[in-house]
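Right, I'll just put the structure down here and ask away after.
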Amino acid sequence: MEPLVQFFFNLLPFLSDWPEWLALTVIGVAAAIMMFGFIAIFALIAIWLERKISGHMQDRLGPMEVGGWHGWAQTIADTVKLLVKEDIIPEKADRPLFKLAPMIVFTAALSGFAVLPWSSEFIPADLDVGLLYILSISSFAVIGILMGGWSSNNKWSLYGAMRGVSQVVSYEIPAALALLAVIMSAGTMSMRGLVMAQSGNILDWNVFNFFPLTTIAFFIYFIASLAEVNRTPFDLPEGESELVGGFHTEYSAMRFAFFFLGEYANMFVVSAIAATVFLGGWLPPFEALGFIPGPLWFVGKALLLVFVQMWLRWTLPRLRVDQLMYTCWKVLTPFSMAIILLIGLWKVL
Amino acid sequence: MTAQEIHNKIQEKFPDTIIEFNDSVLQPFIKLTANQFNEVCQFLRDTDGLDFDALMNLSGVDYGEELGTVYHLYSMQHRHKIVLKVNVTRENAEIPTVADLWRTADWHEREVFDLYGINFTNHPDMRRILLPDDWEGYPLRKDYVQPEVYNGITIAHPDMKGDSDEEK
Amino acid sequence: MEANQILFIAIALLTILSAAVVAFSNKIIHSAFALLATFTGFAMLYIYLSADFLAVTQIIVYVGGILILIIFGVLMTHRIYSTAKKTAHNSILISLLGGLLALGLFLFIISMYPWAPTVVKDFSPTTAVIGTEILSGYLLPFEIISVLLLGALIGAIYIARQEDKEK
Amino acid sequence: MIQLNSFLIISAIVFSLGLFTVIYKKNAVGILMGVELILNSVNLNFVAFSKYVDAHINGQLVAIFIIVLAASEAAIALAIILNIYRDRETIDVTQLDEMKH
Amino acid sequence: MKKSNIPESQFELQVPDSLKTEEMTLSMGPQHPSTHGVLQVILKTDGEIITSAKPQIGYLHRCFEKHAENITWHQVIPFTDRLDYIASMNNNLGYVIGLERMMNLEVNERAEHLRVVVSELNRIASHLIALGTYGLDIGAYTPFLYVFRDREKILDLFEEICGARLLYNYIWVGGVAYDAPDGWREKVLEFCDYFDPKVKEYNDILTFNKIFIERTANVGVIPAEVGINYGVSGPSLRGSGVDFDLRRDDPYSIYDRFDFNVITGKGEMGTVGDTWDRYWVRVAEMVESVKIIRQALENLPEGDAKETVPRNIKVPAGEYYMRTETPRGELGFYIISDGSKMPNRVKVRSPAFCNLSVLPAVAPGVMIADLVAIIGSLDIVLGEVDR
Amino acid sequence: MRQYFKNIYEAIATILVGMGVTWRHLFTRAVTIQYPHVKRTLPERSRMQLFVEMDDCIGCMACERACPVDCIEIKTVRGGKDEDLGQTSNGQKKRLHVVQFDIDMGKCCYCSDCVFPCPTGAIRMTPEYEFITYDRSTLLTKFATYSPEEISELEERERKEKEAQAAAKAAKLKAAEEAKKAAAGTDEPKSE
């Protein structure tokens, strides 16, 4: 709690004169709004980027019309369109759950932002169990997906939901194990502590720390995180060629937008975790580059990983369900376990 | 193997089944009776030297008084073809199926049933295939009259109604 | 009243009301999804009790594991593609009676004894303490529970796949 | 100040609701949910006592063991329920009575 | 020798009673992203596993055969365009050659060469779509755009020679509708040079991608005898290892003059006859088509391609079954003429129709994702299935 | 076991190869044309909208007969005896008033079958493709320039001419008959 409060007190000195509970409430709400704003802006930019990147990778141009320069306002236009679209709820759908599902998915994504360390000063909540918290939050998204898929009363949605659940639950294991390898070497689960443990230059980052063990752990985490946020090649829950739209087949208008927003927020969260845990968070690669502020490094690293996610998406085909499980249980999990074992040995010896 | 030889082979095995054999047209054909048709086809498919393992095409034809089905057989092994024809009367349009011999025939026979109303006996799944199940009549018969309404939907567009045929 | 207390009451209400939905809902799937709120409510209560590690564990295990198992159980044992399914119940009177009796008993006991806190602890991270304790004082239960978990895992797989053996 | 009592009362209410659920539901999965409610309310008691009465965090440790137990219990129970469902096409506990005879 | 019949239920998945959970009936299509049009498949599934798949067709039925009986011989040609709208040139060719053989008509050399060139170009265009949509079915989006980029070049060539991009009405009885414009030959050659390296690009991004191979190899295996029995033809049959190509084995036009290989599936990545083999046959066939185009253009004679086109077509009474190798397989026109100016009967034996009929045989036992892969690998065009 | 590691290696290697392809394409020039701003020049043979040069049309109906979908509707009225309707561009003399020449582009299948039989090259397909409308009826293009009054006038005249012709014919026939009768015998009494 302290760093954030300190940050806000520095920013707005008059807050410290207010009663404590009021100041804390204001700070909490302000931080939440900042995060929400960040998600919204990030999603706008990321969706535009995704379209441009996919366009150029496919010898196209992507959006070019709306807003003038390279169609920068296309996503805004689409958001407006989604806002004014008719909100369709299937007649036989389970209405309360149907309405709740996108909120849960989005809330889960938003909650993840609570522990992201933007810089040494600005961490909304520097929990002692920060990393574990993020892992636990992803189970909410699973329930949201299941809720949406089931309440749509559509068989394809249900298939998508079932796939989504089995996928996310399975891939949590290699992801957690890969992170555990780093937790073991750093000796803390606090996001701030994890970054602090990597201070120095680029070679002190966790990704190179126990070369090549943590490097492999990084790739394992990256692959597993792709699966957790349902991105290609693991986009089976929404695999459009098989399941039409997967769990969000029946969603339209703003409810669909919330699923979409949730997906992009999740993309950023997993990239940010990878950046924090493996790539040194807000730290610059070399001391000489220290004049660039920390949040820029942090966001830059996360965006780089988001770009790689997009790059993969526009390159790869989709896996099948059994291959997905094979990859998880027979490739990623044993490898991550072996890495934990080896890092343990390394630490002991 | 030429058409004549194929004809002779069938003649030898099934003496009463061949109605007509014509070797002078572009593609020689053998016209058969319906009653032993499945056995003849089995013979054609399974006899060494004939080995007609592929049914290229199966089509219904409306000859006016009679309906007929034409089978184009091909042997992948020997690269020879033969055309079989079976004619039936309009009133009693029944032909034994060959879907058990060539699975190609399965859907093709359904199509012929759909469009000509020829019933293929012993076919596993004799339903309409292209038209809706509740369609009335068999459109490819020459005496078919297009209904004006189907399930409350007007079929002929007002502009198009019946003008194409007379004018030409 | 402080913001803290308002929040606490809200959480308590969330927990109790969602538990009531679990109990009274006619649709079993609604009960299952209401459990999500109950479990989350408990996790938040643990935070009030300075048990941060436990709160996170609660969510990981209950929401990420048990709840999904339960929902899958519901989906697999019902016509899963119809949302309108309702379930039959026993007599509500007897059940209410049982529930109320228990509640009365507990409230009576709670009111009988002055539950004054004997220690006052501020918040301190518990992860390290729990880790140390499990590997020292609670080593035996830890080992036993590990074996139990393993046994349960194998047992569950065995029971669910019994047909293969029959074949 | 939030007192120990408040937690105990919440726990008592949820426990009774859990008990009610166990008696009320005919559906085996529903009963399982009731059991989970009961286990949770017990957990809450342990943690509350750990905070207010216990000098150490023994309560929390017990709660962790209970969570693990609950997980294994849920897994086994659901495996059994699935098995019963496959055999009998029902998981209504009132109809699963052939052991009585 | 008694050969065994292939029973309908041979492939029906037998799930032991004790393992049976509730079966779910799913209607895949007619509005579904990967049914390649308005195909509907009624699926019965046990979890992700399909126990039976029954295609329901006819949503795009346009009464081609009835229509053809009411218009003149020549007017049928634009309608053949619309059968397999991805490879219209090949459809034109089949119908026209059928008529020419019935009329005993000689076609001039230049027209014959042009016919071969456009048919092969159209084959490439069609296979490109097959590749792209197959990638899309598997989940890869980018190859789809790459193949469309290259197909666009072929369409430009077509537009230049006949004015249309999709429905050409180009090959006419006795010749072709238009002669090639100046410089067209060079442009086609240029395209050939451009196209060869592109195949490597497709291979890099899709064909030899491990995920793609895992998704397609050993999936939806159609054994050779099953394929023949079901009337599967074209690349789908060659994928099962049957060395049979009508261009070589029942030659028409001037295909017997060219030197090209018939590609067959060899099971390089899995079993012979799996979806990867069918896919690979298409990729390799495009290279062969380029070879044919090069040869045909080298020998392209000077002259007027239109000189032998008759003004009024009268087809002598008779009947003929003409089959040609379209990108999808054996396209047969069974034409009956009674000597008048309109056909008595034009029956289309459409390859996609027969290829699709094998689906109920291979689908049971695969997963939903595999079913999509199988439908994609059969490369059906609903315009031709339903006619 | 070897297969296991080989699979992993192959997966990584081929994914990297694929990523290389997309990476290269990220920097290649896009092939898209920004349609309303940039327009392709279509080859002259492009078959888009039909156009009829009415001055060249002699009303022979060849195109209407050739059309497989009946999207052309032509009505003609014969010209007067001494009326000069002018000549087509290839020197053919026009004899008919083409009072109606409607092409329904909504029905047209763009096969260009109508273009070839035209003896004067009056009907042709143009590379004009931007004729999208909100109303289907606007796709019906009327090429004839006659006003309804003119048409009815012409039709009236034709009817009269026809009648006159028929009358003349009848008279001729009658005359012939009478002549025949006269030749056959004069003794018979004339009726009335």
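For reference, chains read A, B, C, D, E and F in written order, and residue numbers begin at 1 within each chain.
In this text, a contact is a pair of C-beta atoms (placed from the backbone, for glycine too) under 8 Å apart; a residue touches a chain by one contact, two chains touch by 3 or more.
Computed from a predicted model, the values in this text were never measured in an experiment.
Looking at C-alpha means, what's the farthest chain from chain F?
So the farthest one, by centre of C-alpha atoms, is D.
Need the central chain here, defined by C-alpha centroid distance to the all-chain C-alpha centroid.
E
For this structure, which two chains have more C-beta pairs in contact than any other pair?
Highest contact count among chain pairs: C-D.
Could you put a whole-Å number on the gap between the CA centroids of chain C and chain E?
59
Centroid of chain B to centroid of chain D, CA atoms only: how many Å?
Inter-chain centre distance comes to 70 Å.
Can you compute the centre-to-centre distance for chain A and chain C, using the mean CA position of each chain? Integer Å is fine.
27
So the centre of each chain is just the mean of its C-alpha atoms; given that, what is the distance between chain B and chain E in Å?
Using C-alpha averages as centres, the distance is 24 Å.
Would you please write down the residue numbers of chain A that are in contact with two or more other chains?
57-60, 155, 314-316
Can you tell me which residues of chain E touch two or more of the remaining chains?
Answer for chain E, listing residues that touch two or more other chains: 18, 21, 24, 71, 142, 149, 205-206, 209, 211.
Quick check: what residues of chain C touch more than one other chain, meaning two or more?
In chain C, 4, 53, 57, 65, 72, 76, 80-81, 163 touch at least two other chains.
Can you list the residues on chain D that touch chain C in the complex?
Touch list, chain D to chain C: 2-10, 12-21, 23-30, 32-34, 36-37, 40, 43-44, 47-48, 50-57, 60-61, 63-65, 67-76, 78-83, 85-86, 91-92, 94.
Can you list the residues on chain A that touch chain C in the complex?
Interface residues on chain A, with respect to chain C: 21-22, 24-25, 92-94, 96-97, 100, 104, 127-129, 132-133, 135-140, 142-143, 146-147, 150-151, 153, 155, 158, 162, 165, 169, 172, 189.
So in the complex, the part of chain C that touches chain A is made up of which residues?
2-4, 27, 29-30, 33, 36, 40, 52-53, 56-57, 59-60, 63-65, 67-68, 71-72, 75, 80-84, 125, 127
Taking the complex as given, what residues does chain B use to touch chain E?
Spelled out, the residues of chain B in touch with chain E are 25-27, 45-48, 53-57, 59-62, 70, 72, 76, 79, 83, 100-104, 106-107, 115, 124, 128-132, 139-140, 164-165, 168.
Give the list of chain F residues in touch with chain E in this complex.
Residues in contact with chain E: 7, 10-11, 13-15, 17-18, 20-22, 25, 31, 42-43, 45-47, 66-68, 109-113, 116, 125.
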